[in-house]
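Below, subunit A partners subunit B and then partners subunit C, in two separate complexes.
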Partner chain A sequence: MRLFLKILRLSFRRQLTYRTATLAGLVTNLFFGVLRASVLIALFNAQPSVNGLTVKGAVTFAGLTQGVIAYLSIFGWWDIMQSIEKGSIGADLLKPMNFFTYWLAQDIGRAAAQFVTRGLVLMIAFGFLFQITLPASPAQWLAFAFALILSGLVSFAWRFIINLAAFWSPNAIGFGRFAFSLTWIFSGFAMPLRLFPDWFQQFCAFTPFPAMINTVIEIFLGTLTPPETLQALLLQAAWFVGLSILSQFILKAGIRRLVIQGG
Partner chain B sequence: MLRRLFTTYLKFIQIQILSQIQYPFSFLFDVFTNGISLLIFFLSLSLVLQRFDNVGGWRLGEIAFLWGTAEIAFGLMDMIFSGFDPDSFSVMVRQGTLDQMLLRPANITIQIFGSRFILRRLGRIAEGLIIFTISQVLSPIVWTLPRLLFYPVVIFSQILFFGGLFIAGSTITFWTIERIEAVNILTYGGNEMISYPMHIYPDWLIKFFTYLIPLIFINYYPALFFLGKPDPFGMPAFAPFLAPLAGLGVFLASLWFWKFGLRYYQGTGS
Partner chain C sequence: MNAIIKVEHLSKTFEITQSQKGWSGALRGLIKPLKKKIAAVKEVSFELKPGELVGYLGPNGAGKSTTLKMLTGLLVPTSGVVQVNGLVPWRDRTKYVASIGAVFGQRTTLWWDLPVQESFDLIQYMYRIPDKRYRHNMDLFRDILGLDPFINTPVRSLSLGQRMRADLCAALLHDPKLLFLDEPTIGLDVVAKDKIRQFIKHVNEERKTTIILTTHDLQDVEKLCERVIIIDHGQLLFDGTLEALNNRFGGQRTLQVDFAETYPDVSIEGAGLISHEGLQATYQFDRDILSASDLISRLSNRYKISDLSVREPAIEDTIRRIYVDKLLEN
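What follows is the complex of A and B.
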């Protein structure tokens, strides 16, 4: 556990050193947030609420989803893939720590730093530009915090699995890009899931993707009743456990195929 | 002189293309995933529109016209101007690859153009064509001769416009070494912006992208002409035909900036 925290802290600090990149990323995320909020406002066209989502809620959605881009590495994360291609995975596998836990520690550190610099700051800036909804009670804030942490864990497990594809193909990045793009639509990142047709939402409910983004949004906006909130949180936890177990089987199969060239 | 430059360029491109289709299956898979991952955003909008009917008064077919046109042009640009993509160009500056190129007895601009030609972008072009086709099914355009002649001009203008921004963004890295991510707001952000009818954006944003960076003239105004829609801003009647002027203007200004940057450039010592 001490080792876990040490890796986490180092990864957190490493992330904080890229200051100009952080600022530039922040400005870009904010700009796209303004565009996406404008599209949603135009869609609602003065209707107060559509399928339980208000205009204000939809605008808040635009800010929230832009705010979690860096936290969840939504557009791509290839660290493990690169370590397999370069062969540095050999050293990582020899470390006196479980491979999954080692990367989990790194990712929590990275995500925590991104949450502060790219998430929190973005939401504050976004709040100056638009009227947004905030959780109404301490209990809702607490549920949101849990949902956010769990979403990071589910997302990590999914990204971990995607990266393992490099064991099987030297050109796994193409497959990886495809796998990442599934997240954009099925998690409720591109558009709020509530606004999709019912059959589409029912389909998404069978996938782990809503647990990565949609649950966080719904809890933040207060569109779930307390029992529904609890159920959604438990489902997130279940997806994390499920995907983690699955990843271990894939990892085992992958390591059996691994060949590291000298040099 | 010009013909020799062009044959050099074609030689470079030929090598690039051959190396990229060396593994045909993997290449085709890349093209496919590239297209699908972009199509997802249009798909999301069209599914959501079942609850809403329109965006700022524009129906799905009309938005598909904006979106498809923007994607076809941006995909072509991203392929032709791959070498000037600031993301990869800044790496060439940092690693000193650019210095090697400057020593070669060939035109440097042509060399950069020929240094990268990402054929995978065919996925984006195909995605644009699919969306364009959808637009013609849902809201068919009456293709009169002037419209038919003007359409390729619009595509060409957009290629020049964003290609120019790529060149300018790369030139900045002569000074900054690091790529400037804010340039992405103008390129990728600009592409996103013109995929929707631009009157839905806040006033200050529209003004900025009309008078400072003439983004509004390369897709939105031409679309008003093709779709026969009234102009909500009350610009002069020739506004839809300013696209080539905007494209050429940005491109030539960037080319001048690039030449200026090259004269200043001293290498990074890598």
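What follows is the complex of A and C.
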């Protein structure tokens, strides 16, 4: 555990050293956030609510989804793939540490730094620019905090599995792009799942994607009743555990195929 | 004593996909890729006793690194048995790697963007090295390897020689019983090479660490290893002492003679005359047929000699002959 925290801290600090990249990312996220919020306001066209979603809720949705882009690495995360391609995975496998936990610690450190520098800052900016909805009670804030942490874990387990594709193909980036693009649609990142037809929502419920973003949004906006909230959180935890276990089997098979390039 | 490393009929076959010519080839490749099997290591067997320092040699692509990667648990063998310290490296990987140290000269095992000292601190946590032990080793290695000038520099800014020294230190902080070194002196200057060699020798002698070393620098072998294992095309060609290697394949010694007077014919029985020019002549002779002193006395009985020198066959020549002339292949 000490080791886990140490790696987490180092990764957090490393992420904070990329100052220019952080600022550039923040500006981009904010720009598109304002754009998306404006489009949503126009689309609502003065209707008070659509499918139970108010204008204020829709704008908050735009802010939240833009805010978690960096935290959840929604546009792709290739660290393990690159380490397999470059062969630096060899050095990691020589360390007496579980490969999954090693990367989990690093990713939590990275995500924590980006949550602060790109998530929190963006939401505060959004609060100044627009009228947004906030959780109404401490219990809702707490539920939101849990949902956010669990979404990070589910997202990590999913990204971990996708990255393992590099064990099978020397050019797995294409597969990765496809896999990550699924996240945008089925997680409720592009549009709140509530606005999609029922059959689509039902389909999504069978995938881990809503556990990455939609749950966080619903809890933040207060659209779930307390029992529903608890159920959603448990479902997130179940997805994390399930995907993590699955990843171990894939990892084991992958290492058997490992060819360390060069040297 | 019991063997610390046991390798039996170890083989590793890689499958590579070949690209085919033209459009039709590319299409065919999509449906049924053309696979080619490459045997990197074939039926290699050997054992190592605790405390040995063995040179593992072979030309490029011989299968040295592949063997080492199997021994360190990075690659899973296609067939055969590897047992190190009573463990199967790839199966018990996390437990196993805690008991070994490894340096792959071509790449670092440290963290690219961390200062050297922080990398070491992280290693202390990873290997759960007790504070006292860690500080003791740290002080010692800082001293012998001269790490102080760059101990706070990020790993990515180190020179090759500095990086190699930092990597060696990192591999030994947890007192491994076994050390795997894959080309630890590659690309280093003479002074740096010498420093690394002294350190390796120190570790082997003082700490009784068992070491396997691959290298292309035969001076490493001459200065460090008593025993060598040679492989080529994935097959084991030789396993024995350096001396035995020299005796068997050392080829011929040479004797250079400066005569006091010119002689028209200086040939002598038992040795071949390679060159004869003016006052100087060079002979080649086989240690099994004729000793150096016999040859010299034969010569001095017949001619007046002003100076002479005997040259032993260089290990370079021996190894080159084994690689190029395929002396060991049946």
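By definition in this document, the second predicted complex is superposed on the first by the 261 of 263 C-alpha atoms of A that agree within 3 Å, B and C clash if a C-alpha of one lies under 4 Å from a C-alpha of the other, contacts with A are read in each partner's own complex, and residues count from 1 in each chain.
To be clear about the criterion, a contact is a pair of C-beta atoms (placed from the backbone, for glycine too) under 8 Å apart; a residue touches a chain by one contact, two chains touch by 3 or more.
None of the values given here were measured: they were computed from a predicted structure.
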* Between subunit B (first) and subunit C (second), which does A:I255 come into contact with in this model arrangement: first, second, both, or neither? -> second
* To do: Considering only the touch criterion stated at the top, classify A:M191 as touching first (subunit B), second (subunit C), both, or neither.
  => first
* Looking at the overlay, what does A:T20 touch: subunit B (first), subunit C (second), both, or neither? -> first
* Once the shared chain is lined up, is A:F200 touching subunit B (first), subunit C (second), both, or neither of them? -> first
* So, A:S88: does it touch subunit B (first), subunit C (second), both, or neither? -> second
* Return first, second, both or neither, reflecting whether A:V50 touches subunit B, subunit C, both chains, or no partner chain. => first
* Asked: In the superposed model, does subunit B or subunit C contact more residues of subunit A?
  -> B
* Report for A:R2: first if it touches subunit B alone, second if subunit C alone, otherwise both or neither. => second
* **subunit A residues contacted in one complex by subunit B, in the other by subunit C** => none
* **Residues of subunit A defined as touching subunit B within the complex** => 20-21, 24-25, 27-28, 31-32, 34-35, 38-39, 41-45, 50-51, 171, 174-175, 177-178, 180-181, 184-185, 190-191, 195-197, 200
* Asked: Quick one: in the complex, what on subunit A touches subunit C?
  -> 2-3, 6-7, 10, 14, 17, 87-88, 90-91, 93-98, 255-256, 258-260, 262-263
* Enumerate the contact residues on subunit B facing subunit A in the complex. => 23, 26, 29-30, 33-34, 36-37, 40-41, 43-45, 47-52, 54-56, 178, 180-182, 184-185, 189, 192-193, 196, 200-202, 205
* Report the residues of subunit C in contact with subunit A in the complex, numbered from low to high. => 14, 65, 69, 72-76, 90, 93-95, 97-98, 102, 104-111, 113-114, 118, 122, 125-127, 182
